[in-house]
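Order of writing sets the chain letters: A, B, C, D, E, F, G and H. Residues in each chain are counted from 1.
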């Protein structure tokens, strides 16, 4: 009957969708696995390992990420217009990716990695598979969470100029975020958290400043954060 | 103070430009979501009215009631669903699905209920989407109801059909009730196979439980009529027509 | 300060509101108590006590109800425009009142007690304190729930014409209710229940009819319940 | 069939008349509720925008930011609150309170936040209601925000003030933060007395817990600045000005 | 210190209280076990086993119950004035006991087992350890829940006079309960459930009556229901 | 270092365990998929399709089940002594299997499918991979839930002897369960539910009986439940 | 009939019990109202208002409390042996009372308010109406929750010796509680919360100490917690 | 009948299993009691009591633990292959045991207590009753939660070298855990918590460092974490 026929079609549709999702999840798990590796490496900057050395180790993984996002895009090309149907299956992994890329970029340049830059690095630019803006913003918030810890450990290791630079960066970032109108969702919550990161960095900056520890010597040399007066 | 902060670096200003763009995106999306939610609410409330209209059907007024229901349903389509289509225009339909899903489900419920009462058959997803096609701007992707919302609407349909069946039995239309029973059983059986495969199967699981209850309620009602109709009454013999029971036409 | 002043005012407001509510609740409790008495009396019709006798016993209570609603109206007159603020505190009692008055009226006349008639009996007509329509309708649904039981017991007691009358009444009532467009709320749920009352009464009607028990003449006169074979 | 049912009795027809009237009443009420819900959602979304605008305030741009916020807030009032007033026009405000309460609370939150940032004082309920008065049709009862919605909005305000305080400390405006701290403490203390007396005290109870957390967060932030500022640093002596701390003006 | 001294005292107090509670619970568990056995036996009446035979099997268990309540009383005598402190630890078991004793008594005599009779049977009469009235009433409600099932099965087995007897009993019981002014608690909820039992029994009586299945053999004599020719 | 060595070992251990679990779950998912097909076939008995025809359709699936349990047993043979470690990953699917096999067996023979019979049908008998007794019992409870619906539909289809047979079966099953001393767990809860199935079947039997619809005309004689054909 | 007689007795019993409960609740509500006033006064200590001034404002309320507990005792004297029957109706209010009295006493003396002292202050000593030990202990836990906030605000106000004193007090209190063998109930849960209070105070003490902010200048010497002034 | 026979067997089976579980739980409760005592003692290290003195007091309890695990092993030997069936009944107690032994060992040696060492200390090595690896790992996570508090209190007491040592230990431990590929379960959640412990210890180390409070004056030179005294 047509009724049975229709449900038969639905079953095919849902099974295909399920298998698609399964494939997406498999890629997402791989992405997650790579981000764990990257994060493990990046953690070494808290132990004052030289930034170039750390970044070097990580870079091999970036191409893996790119490859994985390429596969993701390939899968989604099979179901045009359904990007957001499966979005939930890779979004938290993608947010982590953004936070790591952002952190690396900041370590290297002292600047914020832009949305378009993330897309470039993940090879998303050309395809119709783009990076959701909220995912980007949440990822940036996660990155900000890492900064107070970084500052504390850098000062412990004797880099007294670090707080100033981080503070400048985070202040600008926070100001930029304030331009957004947010709903009561995850992004807002994460953004609220950024205020506390900012405050913690300020406290460290103050600690350093009040002891006159910023005065002496150009500690700017042995760091990866350059080009900032 | 020298206000040095007014002299922004390039990095800073490009960041501001980018965030201005992000802010626009988010604002636009939120505003659109809000409009879609409102359109969805309108569809819901008016689809409910269609459903009540169909329930006004009884043995003697079928044609006129369904005629009105048909007109009302067409009005929902042309007026409110069309607005949803317009509001969504061009967006990825999945992105805002949660904003319009309740309305679409209720619309499916109303449209399929009407169709069943009119023809005794299930209105297919393809047929509904065919109705929606002309509403879309031809230059954009047309809004197509997805399988999930269709199935969720169908699940609710069975609740309405249960109410309908109880009413039909009261009206003496036992065979109509049995027809509903077969139809609902069929849907229940098919959905039993599909439900666990759905994207968010929990919502459907709850509806499946309710649906089984509806099926059982219809079956119990049919059982009740049946045993009554089959009762052997030795005192009276069998001159009482045992199956035309419960018609109310001879009430007065 | 003005701040303290304002909150002081609020406190007065809320305390007054609370004491008002307390007084409303006290009246509602009394209404509830009277409805319990009435219901206890009305239950006797299930044991086939003569209707006039039963109604007689009940009537004294009606004036009490009227008095209580008069007091309620008096209290609400103190806070004009806030009927619906306190509505929740007496509505379920009022629904019970409607169901009992409706049942009594039906026992007496065989007709539905109208919304305006309820207002009249409770003396609500003149004041600005009216009967909410949804409360009226829910009360009527409650009344309908009592009918299958009544029919069953009447037939048991030998009144074989009762099912026909009740069925006619309930069919009309159900048809009237179908004119309404309901939300998914209590009223809809209660109205759905009415379908089952209707079906049960039909079944009894069928039982009686198939046995030819309606044949013998004018059972319409001997309401009340007399000896059975 | 003789269709005897077309000949309706008086009782039956009067019943039908009455129910037709009831149906009209219910339809009218539901439609109005729906319009009110929509108006409330509009107020919510636009009040939130005002709140975000106020949060854009920093040490150096106070006037311009608040000026824009004032304009935005006025727009919410004139455009969206006015529409709510129109939709409600004449109804018992308590009947549909649940339909518009969320919007009104958010509006109170926005208006009081703006007022505090502008003047450091609490915008009274009387003052808000004064603003709303001209929006009403003079022939009808004017919409007056009730005490409950005002207090519920105020409870949410403290959360926004907490965010504001953390931001102010970052900006070096410690005294501003301390002012917020005193203000929020005051509101918390007053609401502690009022909360259990409210009509539906459960909603308020949850908000009170959140509020206490906000107070404690502000206090902890003030504590943190204080102990840092009071640290005795024997190595350097006390030539460092210990209390102008955390101003960012000298960052570059 | 006094602080330590105080907490030392508390420790003794709490440990004693805990061990008392543990002993009470152990007895309650045994009571529960006995009631399961009794209930298992009583279920046979639904399969139309002769009542005397069924009751005979059960009676041995009653003395066990008596013994257990004796032990319970003994434990509570150790902590005078604290009956209600530990009440929650045995009350649901006691309610079950009441329901079973009540059902047995009704099967035997057709009458309601009185509160004092329960105390007698459990040997509680003389001691200061009594049966809480609410527990008694809730137990009676539980008993009433068993009656519709009993009636249905009796009629199936051909005992057409049973519904009339049960209906009389339940109507009287329900009327008696109606005299009470119940709070909105468990008892009220259970009592509200009794209405459904009554309704179901009325329906069965109706079924039997309309089919003239009560006519033959005047079983009306040896019963408590008179005044109905 | 020993620390690293230890965690290296742990990693192996956890990964092996995880992959084992993954394989178990994959099989469990397949079992679930098969049971869904079987269930949807068995639903046809409610539409009075001939039992042999329905069972015929199902039987092909049983061998699939057997094959899947064979695979499960194979996987578990790799980790002796850890049956209960992974039990949670397949137990609910197994309970469903038991309920379906039990229902089929009952439809065919009118008897209860024994624990050993389930093991036989799933080919579990010879291996050390057995069927947990609680899983069996819970499965049987699920099966019982299907019976009231079946009885109702059979009667509607004109099979008036069905209620008697089902009642006999369910009464015996219920009595057998009563012998068990159940803890307050899932099994206890499911068993408590069986009481309602029994009650419903009693009611259906009553409805049929009181209308004289039992198979052999002279329905008043063969009351009670006698030997089943 | 005896049945009616029995239920008549029950009605009296239940009504008396209900009216007693109603009176208890009325007193409990008044207690709640007074504690709310006291609490809102005590909140002022967080704003560094002088303790004597704050306590002065509060003291008038204490005699009100005493009066209310006197009334409570009077009511309970009417039903000897039933203290624990109605205990739930005033216990949470009593716990709040204990926490407030305890906090006041601690503010005044730095010591823990003993169980007997609470009884004295509430005038419970002489009567047979005592303070339940668990209520006392829970109240003390509530008091402990107030301390971290107090310490933070005191330090902000420049009282750098406060953390040391509070830490000493809380450590001793926590150790005393540890002597108790708590069941898994409310008290246990509240006590587990005390751990977080202790930890927070330790952190505040740490913050003050590491910045050399303790009272007598030479902070590095007097480490550890010594005799309190 | 075979049915009765089968259920008779089941009854035996369930009762034996239940009694076994009861015995296991009794031992688990004793273990819990001993761990409470040990934890109470260990808490004294937060008050800077000398470690050897504290450990001395605890050691007597360790042999009790060993004895209890011996009894547990004995019980489980009765049901070979069912270790994981009852695992849930003692696992949380075992995790606590691991955390306490681990903390003691760390206090004594500064090293991580290995899995095999725990087995040795509990006498599990020889028997087939081993320590589940996940339980070990979760226990270690619990231990890590205690460290930030310890560091804070040590610094308060003037031990400025402690943070460095703890940081070194925790960094290594955290890195080791990072090697594991954790599922989304309790262990993963507990491990994620370890990040916060690490961060807190870093902050304390920072506080000490920036104030030049580390042991040997020239604090800026010996960065990084080298050989521990």
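By definition in this document, a residue touches a chain if its C-beta (ideal position, glycine included) is under 8 Å from a C-beta of that chain, and two chains touch if they have at least 3 such contacts.
Protein names from UniProt, one per chain: A, C, E, F, G, H = Translin.
Source: prediction; values computed, not measured.
Of the chain pairs F-H, C-E or E-G, the one whose interface repeats that of A-H, sharing more than half of its contact pairs by residue number, is C-E.
Between chain D and chain E the centroid-to-centroid distance comes to 56 Å (mean Cα coordinates, whole Å). Remark: chain B and chain E have CA centroids separated by 49 Å (rounded to whole angstrom). Chain E and chain G have Cα centroids lying 42 Å from one another. Multi-chain contact residues of chain F (touching two or more other chains): 181.
Residues of chain D found to touch two or more other chains are 30, 193, 224, 228, 231, 235, 248, 251-252. Chain pairs that touch one another, listed by label: A-B, A-D, A-H, B-C, B-D, B-F, C-D, C-E, D-G, E-F, E-G, F-H, G-H.
Those residues of chain C whose C-beta lies close enough to touch chain B in the complex are 164, 167-168, 171, 174-175, 178-183, 192, 195-196, 198-199, 202-203, 205-207, 209-212.
Within the complex formed with chain E, the chain G residues making contact are 2-4, 6-8, 10-11, 13-15, 18, 80-85, 87, 112, 114-115, 133-134, 137, 172-173, 176-177, 179-183. Touching chain E in their complex are the following residues of chain C: 33, 36, 40, 43, 46-47, 149, 152-153, 155-156, 204, 207-208, 211, 213, 227-228. Residues of chain D touching chain C in their complex: 11-12, 14-16, 18-20, 22-23, 25-27, 30, 92-95, 97, 121-122, 124-126, 141, 147, 151, 186, 190, 193-194, 197-199. Here chain F touches chain E in the complex through residues 171, 175, 178, 181, 199, 202-203, 205-206, 209-210, 220, 223-225, going by the rule given at the top.
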